[in-house]
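Below, each structure is written out as structure tokens.
Across the two complexes that follow, chain A remains constant while its partner is chain B and subsequently chain C.
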Partner chain A sequence: MKTANDLFKEFKILSVSEFFKKNADMLGYTGKIRSMTILVHEMVTNALDACEEAHILPEIRVEIDHRGDSHYEISVEDNATGIPLKFIPDVFGKMLAGSKAHRNMQSRGQQGIGVSGAVMYSQVTTGQPAVIISSTGEEMWEVKMNLDLQKNAGKIIEKNKINDNGWRGTKIVIEAKDVTYNKSKYSPYNYLRMSSIANPHARIEFIEPDGTKILFPRSSKTLPKSPKIMKLHPRGMSTDDLLVMAKNCRARKLGSFLRSELARVSRKKAEEIERVSGVSLDKNVSRLTWNDAERVVNAFKKIDFMAPSSEGLIPIGEENIIKGLSLINPEFSVAITRAPKTYRGGIPFIIEVGLAYGGKSEPGIEIIRYANRSPLVFDQGGCVINEAVKSIDWRRYRVNLESTPLTVFVNVTSTHIPYTSAGKQAIAMEEEIFNEVRFGIMETCRGLKRYMDSKRRAYRKKQRIDSLLKYAPETSKAISRLTGRDTDKVKNLFIKLIEKKYA
Partner chain B sequence: MKTANDLFKEFKILSVSEFFKKNADMLGYTGKIRSMTILVHEMVTNALDACEEAHILPEIRVEIDHRGDSHYEISVEDNATGIPLKFIPDVFGKMLAGSKAHRNMQSRGQQGIGVSGAVMYSQVTTGQPAVIISSTGEEMWEVKMNLDLQKNAGKIIEKNKINDNGWRGTKIVIEAKDVTYNKSKYSPYNYLRMSSIANPHARIEFIEPDGTKILFPRSSKTLPKSPKIMKLHPRGMSTDDLLVMAKNCRARKLGSFLRSELARVSRKKAEEIERVSGVSLDKNVSRLTWNDAERVVNAFKKIDFMAPSSEGLIPIGEENIIKGLSLINPEFSVAITRAPKTYRGGIPFIIEVGLAYGGKSEPGIEIIRYANRSPLVFDQGGCVINEAVKSIDWRRYRVNLESTPLTVFVNVTSTHIPYTSAGKQAIAMEEEIFNEVRFGIMETCRGLKRYMDSKRRAYRKKQRIDSLLKYAPETSKAISRLTGRDTDKVKNLFIKLIEKKYA
Partner chain C sequence: MKKTEEKLTEFGESIIKQLEKGRDPYIKITQRSLGNVKYDDVKGFLVMGNKYSKRYYFNIAHTRKFMQTLLIASYCRQLISENKHAGIRELYYALKHTLEGTKKENTFEDQDESNPIIEDLELSLNILREELNLTADRRGYIYGDIVIKDGEDQFNCSKLGRGGWAVPGNVEEIEFKRVNAKYILVVETAAMADRLIEEKFAQKNKALIVACQGQAPRGVRRLIKRIRKEAKLPVLVFTDGDPYGWYIYSTIKQGSINLAYLSKRLSVPDSKFVGMTIDDIEMYGLENVTEKLKETDIKRIKEELEYPWFKTKDWQRQLKLALKKGVRIEQQALANKSLSFVADKYLPEKIKNEMFLS
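This part shows the complex of A and B:
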């Protein structure tokens, strides 16, 4: 038997980068194909977010070069604002650093892990630094950098100032081994195709390893509205959240703190909170105890607030979904943007569903999933969207799970997507999200059912007409013999009659 | 349009605790039932690992008390070595700290996140500190502590020395809100039942919120061998791994470094590595470049090594799996421990599969999944075990997916389980693991098929005998009339004849 002292000799502390290096599967780096797509995904996500924040119509260029056995170079270029030199090591080399995680705002990335994870994967498999070229309009730099995993920090190895040539944006170039390229459903090609469907305002150029140039053109020239930072809604807050905010806010008294920092808290609502919680609005926020905060949060739950504003949430929009789905050339398509809802009490989200029937859809249901317009390619089995699709009684809508060629498009827009893993490929089973996806599908399915019914009616009608027309020549001959009229004339009249009666 | 400087004003860095607080879904805290079970899971995992490391037959006591609306107190007590006072804040309050992550050794926990995550969930939902009582044999302390999330550190609020009463072990008590208790498949009850199946050497006592006391008794008194720290196998190493190890090792020259730090590298193998890589064994390890290390790692891939030793891997064992499955009272059961294999080139793992037919199994296939004996209750859809089960052509083995009452037990034992998420509920799609699970199932299925065939034969035989016996009375009467013998005697002879012929 061992003693405690024997055992605790081994006690150590890992950095977050070391943790994700050991557990690269949690970032999605499992297998050669998936690893390649995750690299592209993380870099493109960053590029699109950068354009969105700067309110620029995205022009993204992705290039994959073959370098050797399971060895590729991948570069992604955007036309956003560029990154000031001093932030480059943190943006691309420090996990949990960034401008996204601590703000209550819709964005594709939300963790500050993704692109640093890509640089880490590159470094661990090739030992090569990442190359970042970025121009802010004031300065343009080319930087070679790598990661100090034990310190969780980016380290510049070499930097060169470049003469401004008018270009603005950022280009990141990494090498990676243990990856491979193909054109399957799980490939960068399909990932970019899916990105294009949900981002019709983006122009995405893709150069495959064999030199093939693919353009996913811009199908909508309207720049979507920019997402906005939103105040937190009282209903979405925990006691702990409230205390952390209180500690860091500028307001001195509880009343002004609640009114200035939270959404939907008017002077009147603040007074109601005071009444229900018994905590004085004059209380100094720096002296707020857990007990006070808990009473305030419990009061939040008892009081009616206006639903959280969704003006900061920017869905894709029905028209743009239809435009996006037109890539599939469907025979019929329908899309819906549902009204904003909240989960966990106060985190706002919007569900959008699109259906595309026929065209390039394969027999059976294909689900294409998005979170804040970013395609979710892997881990479908563990995603709330998949559960919602499975829960639908498809036969009611004339859909045969095995043979109907149907693409189901679902996009979840939120200030905070509840991912099941840092790899951001599946959304957790939050009940409100599950229900909304279901309702969205059912709503679009009614349109589909009408189409399928009319299609079926048209088919039956055609069958009936066809079977009557079969007898037309014989019947016309007989009538012509009986009446002495011209056979062809009788036949034409007869056909017109059938078509008129059954059309 | 915004400039880079506007955008980068918002740049901040999160601590790993803040990250997981914002993304509690990634630790598995989604919904009230799941959150409750995850809390119990993390605390029990820690308790069982502590006993295993100390080589002690585990006696675990779990108690859940109802405190109010969605509000419970949960305590878990073990009989391991206890934790020295100075380590308590790190063990229960600092994420990524621990003795498990950096050693190449089989254990249930492997991240140093789980139990700190439970304390975090408790604190965020209730504001209450965790209470830790621990006795190492030298000292016994009761500590109240909480987490400083911004610093990712445990903080002792109050500590009291307690007079030694002979008890050794650790007890952790936390409160939690936004949790609930029931007895479903996803409940702590079922989690503990599953734990008991895979840990027949553990005695687990469970007190439910209504006071019901449930004992999962020890069904095997043999303590499993203790897992051992294993050296890394060359085939499982990346260039980066090799460089990090080289930087931290005691050896001075490459040759002695390889022989002392890696598994299966003899003097002869080292010379082969030198020949294939072209890197001198006399090279000073501190001067090893990426290029050198990469050539060495490439040589690893070209050279034949003995497979990694699996002596440090402790599977459950066929006999113990059968003992565990006896909880289901099956009509038929079979289990197999496969030979050790490796994934990603060099990480050793062992697959075990058990099948239990009939008894308390419900109609249809129920999969019960384990990783290092720890039950995986959630996220089945995204787990390699599920994919492997789905890939089997069950009809070949007389199994009807809808009606056959079959429990499929799978345990993956490894020094490093490739989880898809920090919540540790699903194993990533590593191809070698997928194949081994498949082979394991197919092997056990052959036993099942034999049983099902013999069962079917027995049934057919019985049908045949029954139909012959139906005619026995009439036939006997007729024979008795013809021969003048006693009817009953004839009948008995006749029945014996049928049974002899068709038995």
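This part shows the complex of A and C:
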């Protein structure tokens, strides 16, 4: 018989990195094409965020090189501020590094795994270090680094100071195996195309493995506003959330804690919470019990609060969506930014919908989905956006699902996107989000219908004119034979009248 | 003849005038439907009402027909000025060509497109087809002791062999030099007319036999009308015992819906119907040689029941009897008795006893 000690000898606490090493599929690294696109996604997201935080119009350069069987080198370069040497291991080597996680703020990535996950993937498939070249304008380093999976930290194994030649920014180069490149809907190519549409302020250059150079140009010169950290709204909180916050706050009494740390809690509301929950506002927050917290959270559900502020949410904006869609070169485009709404009682979100008709759109509907501007390429089937698009009676808007060349753009902006899994490629079926996407599509569709109707009218008018003109020469000849008048003069009478009626 | 040319010129000028005023040009087209036809029971024939529709150039549904109407008018004007005559099929081919600037659209795709427009023009301009120098597709022949002068030829229609004289589309110019007959017998089918000729029916009964070969064409109807008027011979009609045969009789008697405007020139209101009738089946023991009515026959009989000129007691009874028995009877069914039965017994007996349906 084994003792507890024997058993626990084998037991060791997995570091976060190790956990993910064993569960790479949870991060989306499943399959050769998908792994490739996820790598590009993580690296590009990191680059875009770096630029925007520094208020710099992004210039991103992505290059993929073929190295061997299922073996590629991927590099992504940005023009942001660069990273001081001592922060490089943290930025690229630490998962849940804390810069984004647990902040109630809209951002492309959420779990804080992002680019370190890409470095990890490289390391476990090739054993090669990642190469980071970064220049802050003051000094430039080329660093080779590994992940210490057990310590959840980056480890520099080689560093060289080099001359920056006036360049500033960061470039990360990794190698990866078990990946492949093609130009399908799921490829880095489509991912970057979609990124360009949702980020018209970015200039993205892409070099494919065969050397083909593709440029997604910048179509807008305005940087998106920086999102703000927002206080949590009472309706979006769980008992656990409340307890964790209570333990880490500066306030001493429950009353001041609620008013200072939560959104939309006034003195009057705090008193109402006390009345409904029966927990005294004078209670010392550090002594708040699970039971107290539960009563307070239950009270939250019974009290009416002002809707949470959406101040911290930065949508793309109608004008910029249309600029982004101009990449498709559409014949007609329309976009709408809906008013902020909440789901699960208190999490604010904004839906944006854009439609692009004609141009480079292929026949049939193409849905392009985004969460906080970041393209969602995989798992479309399980996504609330897909469900909402399917629920529309498209015929009403003169759209044929198979033949109308239409691109449907949907962006969900929120401090917290409810993904279906850590792979972050599909948004869960939240009823409020579903309805908003639906309303957004219907609103843009009304514009599309007007366009389609006027197009149809113009087409019919042209057909009518063509047909009237078609019979004019013969009719004129006949009239001229009847009357002896000049054929051309009669014909001109017809043409003048046709022009007058259809001018 | 000058008058027709003037009318055609005016027609063209009227379109130009409308165009010059900036108006959507139109052509007035008299309606040729049951709704615009009236049975005048004093005169005993169908007359055209004055309902018309307008054919607009700027109505896309009309534009093509508008062009076709003018094409036909201009062609007729050319015929008149060149003093030539053309058949309506010749007109169709003369005018048919691909439209300028189109790949395969023709001015006329089918003769069914040009024929009705000729009738439109006759009505709208009040000009007869004959005056437009157009001849109808000819059909029908006459056999019997009548001497006709046609241009430089003069002949007796009983001396032209078993085929008789084929009636041309236009019989305005012919003259009747001598008529030696007691009546005209109009026969629906050529086969029956041939039978009667072979049986010497014309000689034995002093009859003129006219085969109309289906619905009586204009030439045949005008010929019958002229002989009735000029030689004062009664007209007897002998058709199949079915709704189509009866309508042939009614057309000869009071005109057709389509050509109601010509009734005065073409119809013979006092013509008599000899047969076949549904009563003949029982009277002559023809029960075994009837044909069943088809859906379309029944529909046509029901329409005829509603025509004012079929509203007589005898005809209503006859039509209802056909519906009740559900059968029709052909002229040639009489051959069931014997080939000569029709010539020796059926017709002489019915005519002698004036067993007519009116």
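Details
Operating definition for what follows: the second predicted complex is superposed on the first by the 440 of 503 C-alpha atoms of A that agree within 3 Å, B and C clash if a C-alpha of one lies under 4 Å from a C-alpha of the other, contacts with A are read in each partner's own complex, and residues count from 1 in each chain.
Criterion: contacts are C-beta pairs under 8 Å (C-beta built on N, C-alpha and C of every residue); 3 or more make two chains touch, one makes a residue touch a chain.
If you're wondering where the values come from, they're calculated on a predicted model, not measured in any experiment.
By the touch criterion stated above, A:339 is placed in contact with neither chain B nor chain C.
Looking at the shared chain after the overlay, A:84 reaches chain B, while chain C stays out of its contact range. Applying the stated contact rule after C-alpha superposition, one finds that A:494 touches chain C and leaves chain B untouched. Comparing chain C and chain B on the residues of chain A they touch gives the larger count to B. Of the residues of chain A, not a single one touches chain B in one of the two structures and chain C in the other.
Those residues of chain C whose C-beta lies close enough to touch chain A in the complex are 8-9, 11-13, 15-16, 19-20, 22, 24, 57-58, 60, 63-64, 66-67, 70-71, 73-74, 77-78, 99-102, 105, 107. The touching residues of chain A, when paired with chain C in their complex, are 464, 467-468, 470-471, 473-475, 477-485, 490, 493-494, 497, 500-501. Only residues 1-5, 7-8, 10-16, 18-19, 21-23, 25-26, 30-31, 53-56, 81-84, 87, 90, 94, 96-99, 101-103, 111-112, 123-127, 136-138, 149, 238-240, 243-244, 290-291, 293-294, 379, 381-382, 386, 416, 418-423, 426, 428-431 of chain B touch chain A when the two sit together in their complex.
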